[in-house]
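Just below is one structure, and these are the notes that go with it.
Labels run A, B, C, D, E and F following the written order; every chain starts at residue 1.
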């Protein structure tokens, strides 16, 4: 526990010192007085011009307020995805680890928020001259009043938390809690924002543009930036940590380790589904009719993913497997996250259907071929489907048709192969960055504070070992599980 | 005194209870259990991995009775639980050396 | 399993072929360029006129954006009702069927969405010359950009899913999964939208008006269109399928089959309560102060329904029954769904109170007199209370008082009996349409792929039989239940 | 049961009679016709003036609509906190009382809504000449059309329900259901609104201002008005009722009575977290950029509270206790509720961190020193942290820096001690009012219908005793708990 | 060696454990059970349907002891569990033929 | 006939089942239980209150066998469950007076 205490104290002390340094800055930045109203014009023309200006300004300010209301609410919906993940992960794993999962989900939100506040947001959206990382806006310094940046920050922080929380499910049931806390700070504070800069850096400031978006990379709401990022980090974590005891028999065959509550998992999926409208439609950050179109493609892809995954599982295993169907919903949603703004409704259905098929095969491939133990299918649903969705932009992009741009970029809509190439670069960059930094991070943790709990603790459950309590006190649980 | 222990199919519990009441056997203890007998199990698939489930859900009855009640009790259980298929269950009878009612301190056959 | 496979493949193949046919259409419909800005005017009058036009246009476009944000979010809230139904149904039934209930709720959403996309929306809101069904807008063809139709569609699709999912609870624990899938496609794709056309056809296009609305039928948010529809379809399903084993003793007395998780059920009710504000207040599809009034009536009716149902159950059974109270909340909400826009706050309280009393009696009547087994009370809460709420429009309609119209239509507010008559026609039409098509649908299913699971499967639970898994792995469940 | 029946009937009869008295009033108040459009102007100047007026009016009406959408949705989010409380309370207590907790949460919402409708809203926001209680707007009389008051009411009623529901958790597992119902009506109908008048009376009408706000008391979203109010009422209830059997050993040592479902409790906390954005950011009741700033401070304080509570518990007990962490989230959120509008982001972090530490010590103090049994930590999280958050306004208020006012009021930002003094007056007034009226209320209940269930009932669980049913039918629960 | 099996009221478990510890009986196994004895049940109402619940929650204790410990064990259980009301519970004593400690392989009275 | 009852560590159940199958003991009943033996428990902290948990989770096996199978059954259980540490578990053997298969009505050694 000791090394961890140190780690935590470091984090806390950063938090404690920082205010001093920024208080002055903020004081200086106190809101300038509102610009004085135009002086009364003697001349009719001037009066009209003033009125015209007022109308234009009004248009801007009211639309800005609409955007703020929209984006703020969308942010809350994305925040609500956090219990979605928590319930999904808990439901898909064993009762003896449920407390640990809840704690990880509270903490990746809490620590992720603070790390993104102090560091991540600046790296991702601050000014940059190189396109690789930003270096202003640390701890929101200088932002005051009703600045759009606040609303933008609240929307972005929940994205960072989402990327961090994806790892939680994949390493469920065996990962040391303290190591998880440090990893979460690193992901939300550094790893996620740096890639985010590359692809989305200019969303707030023009001077913040990243190199990847400069090449025309499209990832509207984060199939790659958020989901693949989380998925590949999870892959690194799982490879470093290894599978749960009993997941693979001595001859390497995967064993079923059924989750302890299907209703809880299903609730989680429904919550994620709900929150995803904040994620995708909210990514317009503009309150106008395009959010409706994005909502439509999101809905259709989720439906396609669910149906396709169920049918795939049914055909392969003889029964419509509920846990694969759940992953299908997520797979469909992750797949449409990048292309939700640029594809037609039918494009969305197809993207979702392929995502739903893919997630099943990816789960089986990881488990049977790579012998990777991912209890909730996070690597497949977020990593694999995230990559697919990003590619789908290059295949189905129909900007001209849907009225989102001048020319279709999709290969199948006459856009040529160019966009596909750019998308592949982005997918590759994400994999290399996430997997490499993930390996470094988790190996570093392994060789310092350690990433494994003891075998006894794993068998008894992390709830007792890590938190000294049980999730379901009073219920008889049949404990060979 | 004997202790009659039976493992039956869960859905037969009510029928067995009724038959026991008819034979004036009113006292019993019930627990749930998993059992493995001649009855084969079924296959579950979880995320593509097949598992043979051969511990099936059963209900365990423990009934302490005086010796003259042993046969009626067995009959009642068989009556209520029997469908003629494997998996119907099993009854075990053991000697009971002593029996004490906690509330009154009574012992022996009176206390059953 | 085989016939089902065929059914599913049919659905999938429709999905696969359709894009080809519509791609061209969509290409043609690519967003026209924005109308050119007015040319600079030499003359002051012209300048002023142009500015005036700009202000008017601005008013329209900003209000439109406000409406879109409002309606979009309302749609997400209604979508979130789906887990509300899932949790309520699962909580009110036995643990051995919980996976099946989750799967049904995922699938009525997924299949319902696709069916409504391909077919239902067009039938319900497309152009019509006859007022009975529409025939344009299949698969949203021709809709692009930031068209209001997208937002409207996302709002409507979740209504269709709601109508479909109501059946799920009523047939819980005994209905063949494959038959359920087919039924859901039929309901969301055909049965629901056709009635919807009659009552709500003109909501999108003036050329879409249905015959029933033409007569002045009022159902603001769908007491009849959505809830009664679902309720009467559920009644048909339950009659065709019959009760669960053990629900009625050999002498016909109903037996208690307690639900396995009251907290899950209560969570479901709270989620529904939350989502209902999207359902009712969202049905204004306009972001202005009237949504507040609708929210107020909705809240008061729910409170009235809950309290009245609890008191009714208390008086009748001697204890405040939690499951009846839960139904009372739903009953109050369903009751206010039609009249939420046109009644006073007190009218709402009374409507809700009567709904809460009614739901208890309806449940008892169905169970004790008709010997119908409806484990979650769906027929009563949605069917009966839906009819009541629709009638309540004719009784308590106080448009002039609440400022929603010129004259009160309610019988008790001096509106005469005319509106009551029209409401009764609508209620009757809904019952005849839903119950008749329901009987046809379920009998057809019964005589083809079948609607019953085997007795063994029913006893063992549908989770093992239909999905090969258990909901609560590791928990000891006392299994005579 | 009999005296209760009487109580309930009283409530119902108020509801039944009231409409008669207000119907006339409402009739009279029917929406006045829209003001006539300005007559066509001959003169250019007049035209311009008319246009200018139109623009100004447009600005007002559109912003009003934005505010309505924002506030309406925020209200729904706050309503959704209700299941958050229900799940948290149920998860933290024993399975044998879960039905009772669900029923209490349904009923404090239902009865609270009706009591606030009939009485509370008028006391809190009606016109007043004395600043102590209002006396107009009973049952929303005279409010019609798209009046802002509707939206405002829906936002306020869920606040009242929140105050009422806080008591529920503290008295879990031992309080007579009927007594709880009466208490809830009194809290939402009288006790909460009267204090609310003092601090927030002018939010709706200028003539409604209360004495406390007149002195400059700051409680932006209700740390004191809602949370401390609920917390101190809970303290009174718990003192009058006494601890659960077995909570304290014969020598007075507190015993662990572990909650039955950590995932349910965690879900509750996440739901509360989500809803809290409606609570705090929604309290702007204005759709503009300031809601973003409030959301940011809320998020940061929650993160700080969670992290600080975990570290505190870890340091004290050797393990990161999940239930204390959950209380830390709530503690952080309650703490930031008052100062969310006026503190800097760093101020929010610090406020939250202190709230998180405080909640742990407060829980231990209440349990170990005062021997008070509060199973869910409601008194500490809401009462103590509410007081802390209110005080924090006076310490960290940085209005000038954050752009929310002209001068900083916070002691640490050069605002002097004046605000601290005013805040302490408010904190003290809240404690005296809530605790005193709480003692009177609960003693009155104790000596009439009684507040205790029998010992047998308490041991067996209130679900069987009060509601005649069990929460988890079919699950084997190990029943020494 | 004897096997003492007791069904007691759940809420008395801690008291019984304490009394057993006082008599130096430290080992035991505990299961939950449902039981039906003289004690009548109670009525539940679920959605208007009344059900007589007569299987009440009990805790089952199994304690294997050497012969000289039988009476102290019984006394301890009675001491801890008795309130004098029906429903207090029942104790059964059976012969134990053999006892094996798995960790060491010890058998018989030493292994208890 | 004998009734062999064993309390083992939950995670050893599969190993024990396998060893039993190797000895051709296919039938058994399994229940979960809490146990208290030499093995000391662990400390939980709930909201700052420490609790000594000394009832640990165990799995109970009941296996009725004919006399000649008693030793093989015991061996198999020991084989599968033994790690050499306290907490490995305990096996109890009791006389079985009678055994009835419900489906066929068979009695005695044939019915086992």
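As a working rule, a contact is a pair of C-beta atoms (placed from the backbone, for glycine too) under 8 Å apart; a residue touches a chain by one contact, two chains touch by 3 or more.
Since the model is a prediction, treat every value here as computed from it, not as a measurement.
J.: Check A-F against C-D and say which one is joined by more contacting C-beta pairs.
T.: Spelling it out, more C-beta pairs touch across C-D than across the other pair.
J.: Measure off the straight-line distance from the CA centroid of chain E to the CA centroid of chain F, and report it in whole Å.
T.: Those two chain centres are 18 Å apart.
J.: In angstrom, rounded to a whole number, how far apart do the mean CA points of chain D and chain E lie?
T.: The separation of the two C-alpha centroids amounts to 47 Å.
J.: Counting in whole Å, what is the centre-to-centre distance of chain A and chain C, each centre being its mean C-alpha position?
T.: Between these chains, centre-to-centre, one finds 32 Å.
J.: Residues of chain F touching 2+ other chains?
T.: Expected reply: 31-32, 34, 44-46, 94-95.
J.: Mind pulling the chain D residues that touch 2 or more other chains?
T.: Residues 44, 48, 51, 55, 58, 62, 66, 69, 73, 258, 261, 267, 317-319, 321, 323, 468-470, 472, 475-479 of chain D touch two or more partner chains.
J.: Mind listing each pair of touching chains for me?
T.: Every touching chain pair, ordered by label, is A-B, A-C, A-D, A-F, B-C, B-E, B-F, C-D, C-E, D-E, D-F, E-F.
J.: Residues of chain F touching chain E in their complex?
T.: Within the complex, chain F contacts chain E at residues 2, 6-8, 31-38, 55, 58, 60, 74, 77-78, 81-95.
J.: What does chain E use to touch chain D in their complex?
T.: Listed in rising order, the residues of chain E that touch chain D are 10-11, 13-14, 32, 42-46, 57, 59.
J.: Okay, in this complex, where on chain D does chain E touch?
T.: Listed in rising order, the residues of chain D that touch chain E are 459, 464, 468-470, 476-480.
J.: What residues of chain A sit close enough to touch chain B in their complex?
T.: 254-258, 313, 316-319, 321, 323-324, 360, 363-364, 367-368, 377, 478
J.: Across the complex, what residues on chain B touch chain A?
T.: Its residues touching chain A are 34, 44-51.
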